[in-house]
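Shown next, in structure tokens, is the structure this report addresses.
Naming follows writing order (A, B and C), and every chain is counted from residue 1.
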Amino acid sequence: KRGKMAKSTQLIDNEVFRAYATYTGIVLLKMMLMSLITAYFRITKKAFVNPEDTASFGKGESAKKYLRTDPDVERVRRGHLNDLENIVPFVGIGLLYALSGPELSTALLHFRIFVGARILHTFAYLIPLPQPGRGLSWAVGYSVTFSMAYRVLKTVWLL
Amino acid sequence: KRGKMAKSTQLIDNEVFRAYATYTGIVLLKMMLMSLITAYFRITKKAFVNPEDTASFGKGESAKKYLRTDPDVERVRRGHLNDLENIVPFVGIGLLYALSGPELSTALLHFRIFVGARILHTFAYLIPLPQPGRGLSWAVGYSVTFSMAYRVLKTVWLL
Amino acid sequence: KRGKMAKSTQLIDNEVFRAYATYTGIVLLKMMLMSLITAYFRITKKAFVNPEDTASFGKGESAKKYLRTDPDVERVRRGHLNDLENIVPFVGIGLLYALSGPELSTALLHFRIFVGARILHTFAYLIPLPQPGRGLSWAVGYSVTFSMAYRVLKTVWLL
């Protein structure tokens, strides 16, 4: 039993892996927050997509009018999808990067910039900030993931 | 060669990791099933989105009428997207959680409740069940992922 | 310090894991490419979804006409979403599969076919190729992931 515990904590004892776990945890929680913001806008704007979600507003036509799209709800949903498109590659490539043995300082630089850029991206999308605010924050996160992928492929290449 | 094999099986010998792998495999297969259900409804309801998908129904106007949205197809697609939004954080945070050395019984509790909640969520979405059935099953899965993230961040925190 | 480095490079020294990392890196970069293709079509087709993205085209009505959907943009976006739906399970199940100790040749076969199929799928979607080109390439990738999931569950099963 003890032996198994020791094995299981090896990775988690590695500082780069701990940094990866911290930033991945934070950025996935940030992505999960988008669900709550969507729910908040659906309820306050009374804009739903499933008929069963409007049943508490009454039956028939009186409830049907709440089955509609709302610009604010759609905006949050686009931000959420953009998170999926960008955070999924970060989580996957970041794990391989953390296991490829980079310097802790270099790894921290990558993780911090990525997570900072994605938090900025969310603010830029939801406020919304004028362009190129959102575009730049997207590009910064994208570039960080690309940089990690380059290091991973250079280190592990086995086709 | 032997040494490498031994190394590669270390993680997989850990019971918490095996539990994680089992439940992650099941819930990702469940998510993949949504693609088949979407295809099934697209074909039985004759509701397609790409012109090339309707070519077998004839040319021109006779095929064009099958380029349409269908409520049942859209419902499955929403369930699929909701899976992506919730199962991606579970897979990422769950991996870090499994590596953070939790008790097997606690880990199993988390994994079982999450996968059970997501299976219920799919039934609640597709039947559909009256609310708050879908909402509650969503919230249970969300809370489990949040609980795992809390444990991960408490254990690994390195900013 | 030296000890930590040695630990962190264990997994990355495993050949199956290196193959997994290589193919996962490639297929995630391919998925990230979809963002650039979407941006390219949005700009060349002048078809945007956020009002702040059209501000450089002028104010009011003159910019509003660029807030529209374009068939080519929507096609790339569908390809991107299909990537998310299929590459996320590959990355998650593939990691567990790589850790389950398969033969290198078997693992390479799985990874190569999956990544080849997803690259074909993208071409089939964007050109577009007549069906069943896209359908078959989708099914091949799906089957590979299913085959890996079967091996994972058979190896680790702990419910």
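Simple rule for what comes next: contacts are C-beta pairs under 8 Å (C-beta built on N, C-alpha and C of every residue); 3 or more make two chains touch, one makes a residue touch a chain.
Every value quoted in this text rests on a predicted model; they were computed, and no experiment measured them.
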Given which chains touch which, is the overall layout a line, a ring, a star, complete, or other? complete
Fitting on CA atoms only, what is the rotation between the copies subunit A and subunit B? Please report it in degrees, nearest 5. 120
Distance in whole angstrom between the CA centres of subunit B and subunit C is 16
What residues in subunit B touch two or more of the other chains? 10-11, 15, 17, 84, 88, 95
Listed in rising order, the residues of subunit B that touch subunit A in the complex are 10-11, 13-17, 75, 78, 84-86, 88-89, 92-93, 95-96, 98-101, 128-131, 134, 142, 145-146, 149, 152-153, 155-159
Hey, which residues of subunit C end up touching subunit A in the complex? 4-5, 7-12, 15, 17-19, 21-22, 24-26, 28-29, 31-32, 34-35, 49-50, 52-53, 55-56, 80-81, 84, 87-88, 91, 95
